[in-house]
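Here the chain labels run A, B, C and D in written order, and each chain numbers its own residues starting at 1.
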Amino acid sequence: MLKTIKKVAVFTSGGDSPGMNAGIRSVVRTCAFHDIECYGIYRGYQGMIEGDFEKMDARSVKGIINKGGTILKSARSKEFRTKEGRKKAYDALCKAGIDAFVVIGGDGSFTGAMIFNQEFDFPVMGIPGTIDNDIFGTTHTLGYDTALNTAVEAIDKIRDTASSHNRLFFIEVMGRDVGHIALNVGVGAGAEEILIPEEDLGLDRLLDSLRRSKASGKSSSVVVVAEGDKIGKNVFELADYVEENMAEYEVRVSVLGHMQRGGSPSCFDRVLASRMGVKAVESLIVGKSNYMVGLKNDIMDLTPFDQAVKGKSKINMELIRVSDIMTI
Amino acid sequence: MLKTIKKVAVFTSGGDSPGMNAGIRSVVRTCAFHDIECYGIYRGYQGMIEGDFEKMDARSVKGIINKGGTILKSARSKEFRTKEGRKKAYDALCKAGIDAFVVIGGDGSFTGAMIFNQEFDFPVMGIPGTIDNDIFGTTHTLGYDTALNTAVEAIDKIRDTASSHNRLFFIEVMGRDVGHIALNVGVGAGAEEILIPEEDLGLDRLLDSLRRSKASGKSSSVVVVAEGDKIGKNVFELADYVEENMAEYEVRVSVLGHMQRGGSPSCFDRVLASRMGVKAVESLIVGKSNYMVGLKNDIMDLTPFDQAVKGKSKINMELIRVSDIMTI
Amino acid sequence: MLKTIKKVAVFTSGGDSPGMNAGIRSVVRTCAFHDIECYGIYRGYQGMIEGDFEKMDARSVKGIINKGGTILKSARSKEFRTKEGRKKAYDALCKAGIDAFVVIGGDGSFTGAMIFNQEFDFPVMGIPGTIDNDIFGTTHTLGYDTALNTAVEAIDKIRDTASSHNRLFFIEVMGRDVGHIALNVGVGAGAEEILIPEEDLGLDRLLDSLRRSKASGKSSSVVVVAEGDKIGKNVFELADYVEENMAEYEVRVSVLGHMQRGGSPSCFDRVLASRMGVKAVESLIVGKSNYMVGLKNDIMDLTPFDQAVKGKSKINMELIRVSDIMTI
Amino acid sequence: MLKTIKKVAVFTSGGDSPGMNAGIRSVVRTCAFHDIECYGIYRGYQGMIEGDFEKMDARSVKGIINKGGTILKSARSKEFRTKEGRKKAYDALCKAGIDAFVVIGGDGSFTGAMIFNQEFDFPVMGIPGTIDNDIFGTTHTLGYDTALNTAVEAIDKIRDTASSHNRLFFIEVMGRDVGHIALNVGVGAGAEEILIPEEDLGLDRLLDSLRRSKASGKSSSVVVVAEGDKIGKNVFELADYVEENMAEYEVRVSVLGHMQRGGSPSCFDRVLASRMGVKAVESLIVGKSNYMVGLKNDIMDLTPFDQAVKGKSKINMELIRVSDIMTI
């Protein structure tokens, strides 16, 4: 028989991303809509262990849909990786009468939820919140679209100065394991080359490409590099290497860094967060557990946690080809 | 036997939208990539009639991927609606040796292309460029994503002042026939009510909703109204009606207007434009004609013009439900 | 003998403007720095009458320096215009043990403070917060610089579409009595004509200018109009008049409206707010009262309230000349 | 007797800054207004030597007032530092019939102009264009205001993520010799500490301040560091030092870098550029030479080049005090 859900908790976990607040708001309001009590947990799993809960109603989340960061804070918890830590967390949830939770985070956060569910048969649901878009089971994670815009706008500014001075810029964007950000930002910013973790084009190809670019009359160039690019050199070494081998270029480096994680979410991310929060809570209500909500073909969908954390979010090969054509 | 395409023309037609320049750039560079000559036509079909062409190579389109508007200008042409006008246009294209064209625009522009294709068996391909997202055969038109962000950012600013003063704002956004912009912007901006052309919720329901909103402790409210909302009153009349019936509110109106058409395109729109340009030119190369390129399930796809112009771009009913839940 | 100030209240009054929160933060933190208790008053003079006070310490104002609007809300109070209302306000302040207040607002708010000071010999200090920059005794009011950027960015977007279509846009910006916003925004946005309350250039001159503009090869034009322009027609009538008399133009209107009041303050406004808050509190501490703090020649300065409210904030005639030259 | 100026050249030199295009536009249009021919010189002094000139009229500069970078490109010229190089430049100017020039740049560019004027008695005028605001004789250089906003907006985003995670961020902003950017950005972004080249507060004071900040209940902190801060350690070493000595903080670094040089200029910078261009050209017309135009007390003013390059642009000590109070 279906156990009725009466109290749902929501929290954010792992690296923060724009849209997390909109996600919290949606979970809280969907609970209110269905007359379910809702609690916010501060600082992710660590706050769960410590019982750092706060009751939230529809008005608790006003004015946050457009705010970056997360009002519930985020943290990584070593203690939750231990059986003892998870037991403490379970006890704290029980003590507060909480029946189920929604975790907004990435791979690691979902793995934690999955284990917790196995150990205590506790209903859990996940919302993918990370700028990297590296999660299987959704075409878009919360914050990804915003991060693309943030990076592209920053590179637009850098290109102003690059083209005033005939310079070559190496610009590092986020994305340690997958090249979604680099590839889309590279195409969006009109980069001459894009280096991603999925492909090793080799340094020779890079030099060739930059030489062709120069020969074709381009006076300045931008190379977008993912943090974890396959060439394996960090962006400063890359810049040095190119400067040594191409005297004709004045080379500069810019690491966009943490600003990509912040900022007011785009309309897309706000709407996505609103949809995901509804789907997460209503899935719990109908008795589902251990799933991640996601966007597939523009429709809300569920993916079992074990698939979400094992699966690979693949790069769009068509887009790599588009990128090659655009840089002619 | 397949006629080889040697010279392709590209132009923008109808209302402009962010991403049109990125689309032009993509068409031009894809032509260059395939060693096809490319011509830009100024001022849409009118410029075609007048032979207002300019040869473009890969470097002609540098520095435009991030610019709003269209470097080729746009216009509506009465003359092209006549058989004589179209004959002139055909002669001008032939004289310049142009084999095929790519039109970036909306419904009306595609109808023109379709008729032109029927009359002269001239290869044509379309890229959907309009902020309204009202075209069948693509989940996203060029400029739509940018317009959503522009509108949401403007409403964020208005909400600052609304909530400082406990005011009720009626904000009109674009979208004469379909409510895509209003619905997404409304959810993204956290609007209390959203009025769209597809639904007549009635004035009573609006008043009820605002009263509940007030009763639930909200001190300020934002109502997003599509230009062509079903209630049929324009936004100023609506505001007057509410002010007369709800003395507790100080009501203000803001019409966002044409700023929604401009601005630097979002990363999404730049990438979409790049993909669409490649698809359009390469479809012409393989002998296709009379199609619109579009995005379906995140994949580039073709839709015959007659379906594109006859079909309806439907509102997402799930999102209407999400909107209702969010405004509790 | 100097009465020692022990408890200072701060509030915002009249129309809100970006930077008000940064001003509140500065007053609160300067009080904390000098070991003075600080109270926030909600909803301006009306909240003062109702005793709607809240004790604030340095941490109460964290995270607000970059937020538009005012966390203390603003309101207009009819009751405070009566002697009885002001007596109630005085009693409420006395009951709470408040010794002095800082009001952030415009002309009307300062007049209220001045009368209150005369009636009850109560120490008061003013910070000019309004986007209109219409206050004597400071070269910049809080929010003015931000509003200029907001308006210019909106017009940049409109110009994208104007120049794609060879259109003429009439754009109304705020500024009922003085043309500071219109003049600066007009120059900053490269407007062809600027209509301000201080000057009646006449409709004939406007038509002449637009005709010259067209003749000189400009394909699109933007005319910036202050709300209270001297020609006296509202922006829609102006547009109709021009369209009737210049068939060659397709005319459009955009009223920027309330979005100009909101948004995250510019760096300039945040710094100005910080400086003004310090000056206001430290002036009260040394026994001054009945002054407005202001920026003169980049230095913090005091102007007696009676001069601030009577004086005129004059338009920069050099800038009118610059505008004429730029539109050649 | 006054030699009549008939042909004026304009160019940008040294590091680029937002507003340079608006400055070029103003010089070109002011020339047109006074019926003086105007030439643009590409790539600064190097282009002058090479005779890389282009005639510009009022329409040549349309649509650039809001663009970052410089359409005339910029460069540093070693050759111009030699007498032979300058002679070549003089010959090229004479050959083109150019009577006078306006240089938009910084200290180094003005020194070049001053020497050139001495050697050839050639009329020269300077417009201060640099984001660093490090030039004597003007309260604001072109681009400074824009760079402040760019940096503050980037730090706002970083703070979102900092406060979600209780992190300490060291953020490096531009300003090698003077701390104007760091000081204003630090106050504007609500930084807990600001390290500038003018002051050596010492590492101990920094640790003390961060400890107090933590003790006072702040969960995250931002330290803004000028490139050339007096402590002398670069921002990465600083971060390491603090992390070693304050285990309670997770420390991160962000170098804002070249994005601060680009972007669309603020309204202030556009207006300033327009005023400076008018003043520069009209000063040449009345026979002045060897001056830099500048803003003093909101009025356009002239400063002899030798004073401009020798003088020091001093930090505002009041603002340092404001900063101390704000971080309580």
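Keep in mind that, in the parts below, a residue touches a chain if its C-beta (ideal position, glycine included) is under 8 Å from a C-beta of that chain, and two chains touch if they have at least 3 such contacts.
Since the model is a prediction, treat every value here as computed from it, not as a measurement.
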item: Other chains in touch with both chain A and chain B; value: none
item: Reference chain C; chain at largest CA-centroid distance; value: A
item: Chain C and chain D: spacing of chain centres that average the CA atoms, whole Å; value: 28
item: Mean-CA-position distance for chain D and chain A (Å); value: 36
item: Rounded Å distance between chain A and chain C, as computed from the means of their C-alpha atoms; value: 39
item: Multi-chain contact sites of chain C, meaning residues that touch two or more partners; value: 156, 163
item: Chain pairs in mutual contact under the definition given at the outset; value: A-B, A-D, B-C, C-D
item: Residue numbers on chain C that touch chain B, as the complex places them; value: 12, 15-16, 18, 20, 67-70, 73-75, 150, 154-166, 169, 219, 252-255, 257-263
item: Chain A partner contacts - residues on chain B that touch it in the complex; value: 25-26, 29-30, 32-33, 58-59, 62-63, 65-66, 139, 145, 148-149, 151-153, 156, 163, 184-185, 187-190, 216-218, 264, 266-268, 270-271, 274-275, 278, 297-300, 316, 318-319, 321-323, 325-326, 328
